[in-house]
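Once you scroll down, you'll see the structures, which are given as structure tokens.
There are two complexes below, and they share subunit A, which is joined by subunit B in the first and by subunit C in the second.
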Partner chain A sequence: MTAYYLGIDIGSRTSKGVVTGDGRLLACHVLPSGVNYRAAAEKLREALLGKIGLSVSDIAATVATGQGAGNVPFPNEPVTDIRCCARGINGVFPAARTIIDVQAQSSQVIRLNGSGLVTGFVVSEKCAAGSGRFMEVIANVLQVELKDIGPLSLKSKNPVAFSTGCAVFGESEAVSRVAEGSAVEDILAGVHQALADKISALVDRVGMETDCALSGGGGLDTGLIRAVEAKLGVRMLVPPQPQIITALGAAIMAEETRGGH
Partner chain B sequence: MTVEKKKRAISRLKSMYPLRALVDGMYKKAVEASKNGEPVAWCMVNWWAGDTVLQAMGVHTVHPEDYGAVCAAFGAAQPYLDRSDSEGFPSHMCGYARNCLGYAALMQDLGEIPPEAPMAGMPKPTLLLGSGYFCDTRYKWFQALGRYLDAPMWVLEMPHPGVPESRIEGNREHNIRFLVEELRELIGFLEKQLDRKMDYVRLGEIVDDTIEMNRVWHEVNELRKARPCPMHSRDFWSSMPASLYMASDPRVTAGLYRDMYDEVKSRVDNHTGAVPEEKYRVAFAELPPWHSLGFFNQLAERGWNFVIESWAYHPPKPVDLSGLSDPLERIAGLTYQYFSGYFEDAFQAGDGWGYFAHPYLEMVREYRCDGILLHPLLTCRTATNHLTVVQNQLMEQLKVPSLVVEGDIVDLNLFNPAEALRKAETFEETMQHYRAVRKEAGFDW
Partner chain C sequence: MATGLNRVAEIYADRAARVTELKAGGKRIIGYLDIFPVVEMLTALDLVPYRLLGDLNEPITRADAYLPTVVCPFLRSVMDLGLKGKYDFLDGVVFAHGCEVSEKMAHIWRTYLHPPYAHFIDTPHTTHQAARKQHRELLKDFQKTLEEMTGQELTAEKLREAVNIHNRQRVLVRELYDLRKPDPPLISGAETVRVMVAVASLPVTEGNELLEQVIGEIKGRKDGPAPKPARLIVWGSIIDNTALVDLVESLGANVVMDDTTVGSRDYFPLVEITDDPRDGLADRYLVALRSPRTFRETVPDGNRRKDYMADLESRFGYLKDYAREWQVNGVILQVLRYCDIHGYEVPALKDYLESIGLPGIYLEHDYSKVALAQLRTRVQAFLEIIG
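For the complex of A and B:
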């Protein structure tokens, strides 16, 4: 009989959840976190179970992670998002030894071993520089859909040099570049380079060993991926659904604690 | 219905409380002395050189650096920090200095000790004893106090022996002569200001008691190498000011440290640790977030025992100064030992990467640490600039990982305890990983 495991990642912007069974990903779901993390967790579980026709009693164990993990109202084991992210990437790319995890409010670089255990990490704290939020701010200024910023950026022939990676100052700098007549794709490419510079500084602090993977919502942005690859001089492994990796790791840990796969 | 009392995660030493009370008493005595017209000095930490002289001259002392920590620990610093900001001092300046300047400005407004001041507050000083040693803020801090206080200031300069040049032959003797001369000039200043003469016999007694006080305090900390560690860093931080700030007659303080030695030794003999289940032996660098010491209780609940902390706040390694007849030479020798004793290994190893960082290697090796928590202080360069070197060297030479948690000594706004705990939980996995790495590399812990 299959045992099912639930991984819940309540992030500051979006909540992600997955269900695994027999070591396989069976369902995933993403929704905005909003201001009520409890409600987001409930909705997430309901949507996930609905997708594969399971009930609450079918779930053998749950691990909750992310900023809102403490608000998850149903029984769970809390685990930090850094550990979950490492397990998630290890599950997808066992050869990965460095992870660049670009989240909404912060970015982190994680070193891991072949078992998916964290051997070092650094977090961009107290600053949204190098995070997905920075891209949201710029996309808003440029009136561009988030999903379009990657492809647009890749069309740039003359990236604008951004003097800052700061999400606050970056906004006013983007406004200035628009006023000067810079092309949208050049501004976006410049922003991606600024982000890559910030991420590279984090990588320097913790060291890089290949293979190197990129996870989090930032992994949906092809412009950012190419900029990071150019900056670090390595090819990034990017999972098909990079934003659910931490939730996947949570489910894997739930399975591990119950002696599953 | 009986309510089970929750057991504290850190088993505090009973002998710590009388030492902490000495610091409380230091402020109360200074306030009383001020009311009685006796001289009171505001002093920067001076590694016993100035405090012994002041005590022998009958001057009561308080230390604004310690008072910054007190205000932070009592949750009372914010009004002083805000006032400092509104006076135009930069918010990235030393938290202790901001606290002190804001306090002084407020005291000037009120004409008395601010009523909300923790402990008894710092009374208006008769004089100020500054020192430029160790950090850049200290050069200008007391000068800036002149806006709010009308008190004469003396700057006690100190040698800088913790550099490679201190290996030059004759350097030690030269530095001690320099400090003795500085102390003679300080005594001349005090005699003129206070219209009283130095009692050199009394000074000799105080100096000898200070040397003994520090020797016993050092021995207490040596006991912490035991496994499980019998004394947590929180007890160190609570007991440290009694020595570092000369909170009382050093003979009294030495007696209390002896009591602490007995209690810690008893714990060692009985294999009693400061936390119930010592899973991780952790070192701490630099100064702690005084406003959030409860954070260490949360870590203790997870089995973290902080077994050693920065050498900079520890007593000097014991040194025999009994052959020196001049008390000023003895105290200069003690202060010199503080500034040089911890660097012997660095000089002998010929490492040019930073003598400030080198003592951490010895600490972590001797106290068998699984990891170190580095606390870069966003308002203190002196306590921060060597930490990256510490992190790199501990990993390269000992395979011991570091956890970096940014914060500040006084400003609560710069420390995020939830984020710190998130990192700490993750770091446990890293410490476990490096236990295996060290074992494979032939280390014995």
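For the complex of A and C:
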């Protein structure tokens, strides 16, 4: 009989869930975290189980991670997102030794070994510089859909220079560039470069070893991926669903430890 | 009156309670900042040294008008408390050139808070012969202003007596720290912070009595800390409250040692008794105190270039000894935001820890409980790695 494992990643912006069985990814789901992490976790589990026709009792173990892990109302083993992210990437790209994880409110660079164990890490400081939230703020100013940011920015011939990676100052700076008549794609490309600068400063602090992977919601933004690749001079391995990697790692850890129930 | 750890809890909750009582009884209370003012000279003249500390729970509101916001938040907190009148009971203040910001703050304090007595010791920043000589001269100046204020002569005999009492305190602190060596430690890191803050808030003789009580109580109790997989040393900027250590200890670690200034860094070095006691004092405060604010001559290699590893050994070798004696398996390098003297030290210290195979994590925080909570994941991940 197949045993099923649940990985739940309650992020500050979105919540991600994964169900695995026999070492395979069977279902995943993403929804906004909203202001009630408990409700988000419940809804996530319900949606996941619904997708593959399972009930709560079919889940052998659950690992919860992310900022809201402490709010997950059903039995689980809490594990830090740093460790889960490393295991998740290791499951997809076993050769990865460095991960750039671009989340909504912060970014982190994680070093890992061939077994997916964390050997070092560095997290951006508490402001949202170098994180996905910065892109959201800019997209809002420019009235661009988030999904269009990447493709649009790649059309830029003349990226504007952004002096800040700060989400608050960045907004007013974007407004100024708009007022000066800069093209939307040039502003977006400039923002990507500013983010890549911030990320490369983090990479410098913990050191880089290839292969290098990029995970988190930032991995959905092709413009950001290209900017980071240009800045670091290496190709990024990006999983097909980069935002669920940490939840996937959580499910893998649940399967390994079977300690959740 | 409460004794031992209960007394510690009382003083930790209301630091000034005891010294304001003493003041009502006619004693004079002198505030001092950081670890460089030579407090023996105060004790010798029957003045009560009282360490200036910040308050993590008091939002900084007034100090921003006097100090830039991009400087050490601990010092901004101390200044803020001064501006809010929380240190009005003091009969004077002594500052030293601990770091650049504390030096500037000394003058700002004197200008705007008008303390009845104020003295600034321009502590040299190197341990060269000339600097040591200069420090001796500076202590003579300090003595002169104290004698003027009190109308008493500071004799060598009085000073020697004060040195002995303060050395006794240092020996007691070592005894207390020895109780952290077993596994599990007999006293938690957070309890130790409270004891040290209490001791820094009392006249030295009362601090000694309190330490004796605490040591006796700890040795006899059965409900000490539980064993935990990680035994950590906390290195870095001042820690004058339990918030950070509480956070770390709540995540499955015992903080068993520190290298901070309300801790081993201030209390471990003793004063050598010299013919002129001021000589021993001058050397203890300039040379024996191991703070990154004091430059020590680099160790050259055969070509007279800096031998980096030998230099690291000479700067941080004592941490290896601490790690061995206290059976430490991880280091928290914690630095207050904008604390330059510790910030500059971090890359070299990381290299050193790597060279001796001791894992470390660097945490920057800004002297607020909210900011500390954000470090939780990092500490957890670090403990997972070393566990």
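Operating definition for what follows: the second predicted complex is superposed on the first by the 258 of 261 C-alpha atoms of A that agree within 3 Å, B and C clash if a C-alpha of one lies under 4 Å from a C-alpha of the other, contacts with A are read in each partner's own complex, and residues count from 1 in each chain.
As a convention for this text, a residue touches a chain if its C-beta (ideal position, glycine included) is under 8 Å from a C-beta of that chain, and two chains touch if they have at least 3 such contacts.
Bear in mind that the values here come from a model prediction, so they are computed numbers and not experimental data.
After superposition onto subunit A, partners subunit B and subunit C are found to clash with each other. Of the two partner chains, subunit B and subunit C are each touched by A:123. Contact with neither subunit B nor subunit C is seen for A:101 once the two complexes are overlaid on the shared chain. When the two complexes are overlaid on their common chain A, residue A:82 makes contact with subunit B and with subunit C alike. By the document's definition of touching, of the two partners only subunit B reaches A:113; subunit C does not.
In the overlay built on the shared chain, the residue A:173 is in contact with neither subunit B nor subunit C. Of the two partner chains placed around the shared chain by superposition, neither subunit B nor subunit C is touched by A:255.
Subunit A residues 79-83, 117-121, 123, 125-126 lie at the interface with subunit B in one structure and with subunit C in the other. Note for the complex: subunit B touches subunit A at residues 401, 404, 406, 414, 416, 419, 422-423, 425-426, 429-430, 432-434.
Within the complex formed with subunit B, the residues of subunit A that make contact are 79-83, 113, 117-123, 125-126. The residues of subunit A lying in touch with subunit C in their complex are 67, 79-83, 117-121, 123, 125-126.
On the side of subunit C, the complex with subunit A involves touching residues 364, 371, 374, 377-378, 380-381, 384-385.
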